[in-house]
Amino acid sequence: MEVDISKAIVRGYAAKLESCLDCDLVVVGAGPSGLLCAAHVARAGRNVAVFDRKLAPGGGVWGGAMLFNEVVIQQAAVAILEELGVRHTRVDDRFVRADSVELAASLIYRAVHAGAKVFNGVSVEDVIFKGDRIGGVVINYTPILLNNLHVDPLSMRAKVVLDGTGHGAELTARAAQKAGIRLETPTGGLMGEKPMWAEMGEKMTVENTRRVYPGLYVSGMAANGVFGSARMGPIFGGMLLSGQRAAKLILEELGR
Amino acid sequence: MEVDISKAIVRGYAAKLESCLDCDLVVVGAGPSGLLCAAHVARAGRNVAVFDRKLAPGGGVWGGAMLFNEVVIQQAAVAILEELGVRHTRVDDRFVRADSVELAASLIYRAVHAGAKVFNGVSVEDVIFKGDRIGGVVINYTPILLNNLHVDPLSMRAKVVLDGTGHGAELTARAAQKAGIRLETPTGGLMGEKPMWAEMGEKMTVENTRRVYPGLYVSGMAANGVFGSARMGPIFGGMLLSGQRAAKLILEELGR
Amino acid sequence: MEVDISKAIVRGYAAKLESCLDCDLVVVGAGPSGLLCAAHVARAGRNVAVFDRKLAPGGGVWGGAMLFNEVVIQQAAVAILEELGVRHTRVDDRFVRADSVELAASLIYRAVHAGAKVFNGVSVEDVIFKGDRIGGVVINYTPILLNNLHVDPLSMRAKVVLDGTGHGAELTARAAQKAGIRLETPTGGLMGEKPMWAEMGEKMTVENTRRVYPGLYVSGMAANGVFGSARMGPIFGGMLLSGQRAAKLILEELGR
Amino acid sequence: MEVDISKAIVRGYAAKLESCLDCDLVVVGAGPSGLLCAAHVARAGRNVAVFDRKLAPGGGVWGGAMLFNEVVIQQAAVAILEELGVRHTRVDDRFVRADSVELAASLIYRAVHAGAKVFNGVSVEDVIFKGDRIGGVVINYTPILLNNLHVDPLSMRAKVVLDGTGHGAELTARAAQKAGIRLETPTGGLMGEKPMWAEMGEKMTVENTRRVYPGLYVSGMAANGVFGSARMGPIFGGMLLSGQRAAKLILEELGR
Amino acid sequence: MEVDISKAIVRGYAAKLESCLDCDLVVVGAGPSGLLCAAHVARAGRNVAVFDRKLAPGGGVWGGAMLFNEVVIQQAAVAILEELGVRHTRVDDRFVRADSVELAASLIYRAVHAGAKVFNGVSVEDVIFKGDRIGGVVINYTPILLNNLHVDPLSMRAKVVLDGTGHGAELTARAAQKAGIRLETPTGGLMGEKPMWAEMGEKMTVENTRRVYPGLYVSGMAANGVFGSARMGPIFGGMLLSGQRAAKLILEELGR
Amino acid sequence: MEVDISKAIVRGYAAKLESCLDCDLVVVGAGPSGLLCAAHVARAGRNVAVFDRKLAPGGGVWGGAMLFNEVVIQQAAVAILEELGVRHTRVDDRFVRADSVELAASLIYRAVHAGAKVFNGVSVEDVIFKGDRIGGVVINYTPILLNNLHVDPLSMRAKVVLDGTGHGAELTARAAQKAGIRLETPTGGLMGEKPMWAEMGEKMTVENTRRVYPGLYVSGMAANGVFGSARMGPIFGGMLLSGQRAAKLILEELGR
Amino acid sequence: MEVDISKAIVRGYAAKLESCLDCDLVVVGAGPSGLLCAAHVARAGRNVAVFDRKLAPGGGVWGGAMLFNEVVIQQAAVAILEELGVRHTRVDDRFVRADSVELAASLIYRAVHAGAKVFNGVSVEDVIFKGDRIGGVVINYTPILLNNLHVDPLSMRAKVVLDGTGHGAELTARAAQKAGIRLETPTGGLMGEKPMWAEMGEKMTVENTRRVYPGLYVSGMAANGVFGSARMGPIFGGMLLSGQRAAKLILEELGR
Amino acid sequence: MEVDISKAIVRGYAAKLESCLDCDLVVVGAGPSGLLCAAHVARAGRNVAVFDRKLAPGGGVWGGAMLFNEVVIQQAAVAILEELGVRHTRVDDRFVRADSVELAASLIYRAVHAGAKVFNGVSVEDVIFKGDRIGGVVINYTPILLNNLHVDPLSMRAKVVLDGTGHGAELTARAAQKAGIRLETPTGGLMGEKPMWAEMGEKMTVENTRRVYPGLYVSGMAANGVFGSARMGPIFGGMLLSGQRAAKLILEELGR
């Protein structure tokens, strides 16, 4: 019986991994914008792989604020909560409140259930860069990296890569630094996140959700990090709207 | 706007925490058996609190086996997968295979959505022990404990406590050691997990799911740890059936 | 009884925290200048919150010099010692000596007793920045940060923020770097602490206690760090006089 | 000027340390019971030294419960709060609530102000044991121990030693283990703390405050650890009453 | 091209791993006795898997003594050196000396080249235990374990398991402790390695190479650890002869 | 017997080390290109020393990709595999697949067997720099460096030094930074590795294998790091061809 | 020039190490009693090797008490101070005071100058045990052990081994535990150090300096640890007298 | 007796420390050049304090090269070895070889015996800087710094400060960076150590031994670090000659 269990797992995993070696979209960082985008693009029938370096995807949603595990969401994003099946309580005309654990679990569940393949415990070390376009990612198991073991990564092709790595926009930062490229930002470089200003941060995170280089999009806090906008704290409407917008833009590109 | 967001979170969290200070069931460890039990008991209208020391609940489900993120489940538990909305693929007459990330996220989502309050990043340090009965738990934020800060815990009453802490049955072990009590096991003590034997482990984990002391139940691997049965590896049918059985027994006790 | 104790604590803390979400003054760093400023501003009836990342406030006072737990204070600040109820011994015409533990404990006690709310074990991660003014702070539990947990902070508004973070003037440094602002210093930037020169350091720490940006003041060693003056070692008169002066300036601004 | 400051500190500290090399009472662990006992015994004119291994004394008081920095105190101990000058708010007929930072700071301040010498950052490694009596302690700087430096300790005589080290009663445990002595407990040994039971714990901590060996007393949680009673969580009346009782018993022994 | 490289690796590895899920011999610990045994058993046409928790197999051979990377081998084992193609220099009538790096590399090369599958960076956590026989092993990636990630292992069946884990005979120790079995040793338990005595250690390591429980053999230092014989230091003849003998005994058992 | 074993090791090691104090080639980093180069140069009768900071040489070959221990090699390098005696399986017209453990062990074995002296667990801290030429290296035991012990290194002369340190080209980087020299690159400096592009990386690693300063050559990934070319992932043909080319160039220089 | 320097060091060290592979006395732990014993035995013309796991020998002498770098010595040992050339100041009729750094440096200098070979940074892992006698030690570089590298030790024969490892008598403890021998103590086992009692500790450390097993002697604090006597703090007369007595006993044994 | 021992140590240490609060020379870093300089200046009757951050002074001498504990010294410095009473063996016409432990111990012993006060375990954090001259140092216990405890330092005046901190010339670097001063070097800044070149390094270390700013001298490797000269490895003649020259220059300045 142990043999059959192990065989089922090895075969299932190898097939899942192989099916992603040449995919439509790779999402790097399974936070709220990345997961929502993955769910939408997968539901549209595209082949989507999501990588998260932690064992549990979900990014900064789980902990609410200071481990007070509640989050606040604007009215404009309540429709998304309802689509996700997340219960919410009215705060005032502008906001509702939801349980952060319910929101995180639902986002992950919806993405995988829609057909996106989530690889947890896997870090994206680098991008594949061909001529003038980003064409995939280079991955490794996070515990290998945390132990500084000298082990080579594996590489995967993708038509589009989404940087959903949060505050530091680490993927875009590393690609820009290593490849010496000019990003599609006003300065051509990474502009850096600004101090907190909730209204402004929420508004800009949606506007900043767009392509920053051929083959590379940014969403969520990574978008504000790249375009120099404010952070916003434990309010997640902007994140969800950013994920929705990223999906729309990426589906347009893939459809071309 | 920052003030209103913060106020909503502080109030929401304080109310949620206060609503659990005297509850029907406390589940310690948000692995598969604990989460499924919490979902069933909450759905029956009981007040349930779940504590998990990690930031993300889900226990050992996320990683599948060796980070090959697939799990195997027996036919007997396929009904539970369907109740959870988890896609599965037939392996042979005995087994199906499912995505471990989808299973973990669904278990968490269903428990919270059913009304159980999950407190993540919170460790259970100790039990409350009154005369001849366990009557609650003593909690603290995990990061406080990981930093060895000298900070007192908070305590909560519960009619029933479920030890779903996995391999070491840590909660039962600590309670037995500190209080010097005799458990309801053949030896009166913690019998210790045995080496792997998948069939036997799966079978026994359900049988071992029961009361070990007035006010204290065990489920999942903790049940096998307490009653000296085998471990079973990345097959999760027994876990799910154990959670189901724990819910049934606990609802009977609460209904009395 | 455990339930009532827990309820009293949760309610008391939530109310205390909520009362500070929109306050007059936030003091960052509970060293001698910050605590004395907080005591004076609170005694004047203002709503004051103090954050210190350590479990015990008091900053560098506790340890005296090299854990020889005595401190030296100039005659000019002896009146403050007396106001604090701290015993002191004459050294010569210029100095008195006091027990560093008595001084630290008294400073903390007086601040809280005067009505300032001290939040210990809480770090200030960032500022709130609105247009051309600093308008509050972004906080998180220190043990969450020390464990590198991915958990969002909470934010608070304040009419004035005092940077009392000591040698590195970390709050001012981070705000200036992230927001790209020009400080009200001769160079427009952070000028950096100079080597030790006790007389000069003591004198300048009082002069440098002032506003460095709309909404942001500096005191104590942070003042010398921002304006490029010398450090001074285990003599604390300048710190106390700086705290007194910060309170005077801030009350003037609040009174406007 | 630097020379005079350093000279004042070196001389002041050496004199303070020397004045304690042969003292009436050594308190090990500056938690609430130890500090209150030290304050009372010093106020009675006795020579008292207090050692705390942390840089800041105050033990578990600072953090309230889970860093919710409030504590609860029973009516029976409200008189002590008033003597300490600590503000408190009525919870119900049994309890008041106080700010944990105010309580910690006041306890430390009152002890030092009453004449007890508090040595912070100093650990008690061992006891001096002469024939059939404990006659002093062996101390070292905590950071030396934390770095595992091979540096010898210093020793001090005392007529009485109070073990106020909290949960593990570490001092009594080490003395009993190293010296192979029989303690004045029902079993002759250390009986070990029991799980939480607030009422019982509070009651017993006062009763258990007594001599456990010639020259050695226990107070606070260490008393419950030695005599096998329950822990009690973030309620501090028992701690304060234990410190008061320890002072009474020790003054009687010293007066003989 | 990246896709094809990745595909070749994923498929090759999955096939190799699957081919070992039910094998003839599992060697735990790729030190000299384990590797030589694996080479001999594989060369005889058996299906052999070798697990080593380090990234590089070779155990204690690489470093010689104190990183003086030379080893000494007795005349009786020179034939094995020659079979391995390892250069050696005569020391005296009893010994030759060889380069430790050449020996380690050759042992690994010969084992894999003979058809044994070596899985490096993989730890054996536990055994499979069915009724009265050890029937396989439970494995996990070492970096997962080193990071204390909560990830389940994978299990593999084997007709025979060889414990070549060295000094502590960790596999046998864990199996005996967890399963509560009686080993085939004079005491029924693990007898523990004795201090160094080179002649005696070398002699006994070969004699002690045998079955210790149905399905479980020991070789090399693990054999001396189980049977209570002396360690021998940087002389490797006994290790090589032990590996040769283990292969002979295991082939006999497999041939039955 | 222990004395004779120890004597043989001390003498053998001291002689081996002394024989390398003035050698023809020092290879820094025992990855695939360095080991193959060492084997070829030693086979040509030159005195070659190889240093690797790890206990086991072999660099990034052992782990394949993500611990899937297989590697891919182009047709152009299959002749080298055959020379190394490494079994391989055809993937398609362009590639074969080999076991990564077999390849690593064979590379090490062939180098030492050909007469190169491999010093494992030894780090190269610095170069010897005389006037306008690099003339040797400065070595220390890696565990001394890992423990930050203040222990001086030993130095060795060499006619040629090969930097085979991989991605960061650490040796060349340190030499260029410390000595302030101009490298023989288009920019005169270290150009930095580019993101992954397998075809391009493979092609360039061979072309970039050349002298970068009098006395200093680069090979493998270090060559691409110095000359600003792409990384290539778990395909090793380029590495092997680079090692072959380095040997050819170095033998030419030594032969002059 | 670098070659000649390295050659001189390699040759000198190899010869020094080889000269100790079969020696008269091995001293384990270069504290005051071990160093003084080594100096006396070497001065008598015997071949003596001293091992200390730290980079700097000297044990607990360097730091005085709590880094107050002074030590106290009884009149009975002043003659030894004078023999060592250590300046001292009279305290009272019983004691003198000396600089701890001068004492440590002098002890080391005298031992080496007298001909003992001190190997610093080298740990003794184990003893050589032949039949009914301890006959040598097993050594390894400390940094290898601190990094948990799997590297074999080197072994050395000695007619006598002196355990001068201090408080835990680690060498005797390990030998007794591993070999299962009966020590020449009243209980046959290690009796364990007692709490501090300076007079008694000083007196007993000299009496306890003796053989504990054929081939094994103890001195200094290790003697009190083995025979269950008190520790004594920063007074070093007993240590010096113990070293003197150990030398006398060992020379008698060697002379037989 | 414990009281008298402790009293002697506290008094002795306080007096020693106080005697150095205003001294002629402070040596920072007790390596060979610093210790020899301290010995010479103290022997000339000057008040000298030496600080070393390690528990044992001696710097890089103890370990020889790679823990091969021998050092090489040029003929030009043999007279110093003889003055130190260090045995040496002729290597060739240019060099002698000595035991590194004997050399380290002798250097420390001679410095203290000559009257220099060595404070071990004490780090120099900063300089005192008055107007246009360095006038002292700022010290703290190393273990306090290693534990990142927030404890203020103590300060000391000195007519001259010698930077003997080795490779990084850390004291000069920190002073130059914090004070923004121009050093008396060709570039006005710290020029940085060059790669190894033994002849050149030895020659320059003596020439570079000189004043770098009013009140501040450099010696040993710090001199080469400041003036941009080569490192030299385990040859110590230059270090000793540098210490001798530093003493000569400093005595001239003090004598003015």
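Going by the order they are written in, the chains are A, B, C, D, E, F, G and H; count residues from 1 in each one.
We adopt the following convention: contacts are C-beta pairs under 8 Å (C-beta built on N, C-alpha and C of every residue); 3 or more make two chains touch, one makes a residue touch a chain.
All of these numbers come straight from a predicted model, not from anything done at the bench.
Common neighbours of subunit A and subunit F under the contact definition above: E.
Note on A-C: its contact pairs, compared by residue number with those of G-H, A-F or A-E, agree for more than half at A-F. Between subunit B and subunit F the centroid-to-centroid distance comes to 52 Å (mean Cα coordinates, whole Å). Taking each chain's centre as the mean of its C-alpha atoms, subunit E lies 39 Å from subunit G. Centre-to-centre, using mean CA coordinates, subunit C is 55 Å away from subunit F.
For subunit H, the set of residues touching two or more other chains reads 2, 5-6, 9-10, 13, 54-55, 62-65, 67-68, 121, 128, 141, 143-144, 149-151, 154-155, 196, 198, 233-234.
Chains touching one another, given as pairs, are A-B, A-C, A-E, A-F, B-C, B-D, B-E, C-D, C-H, D-G, D-H, E-F, E-G, F-G, F-H, G-H. Of all the residues in subunit F, the ones that touch subunit E in their complex are 1-2, 4-6, 8-10, 12-13, 16, 54-58, 62-65, 67-72, 85-87, 89, 91-92, 94-95, 97, 99, 101-102, 104-106, 108-109, 112-113, 117-122, 141, 143, 196, 198-199, 233-235.
Residues of subunit F touching subunit G in their complex: 2-3, 5-7, 9-11, 13-14, 17-18, 21-22, 55, 121, 128, 136, 141, 143-144, 146-147, 149-151, 154-157. Here subunit E touches subunit B in the complex through residues 126-130, 138-141, 144, 149-155, 175, 178-180, going by the rule given at the top.
If you check the complex, the residues on subunit H that touch subunit F are 54, 59-60, 62-68, 192-198, 230-231, 233-234.
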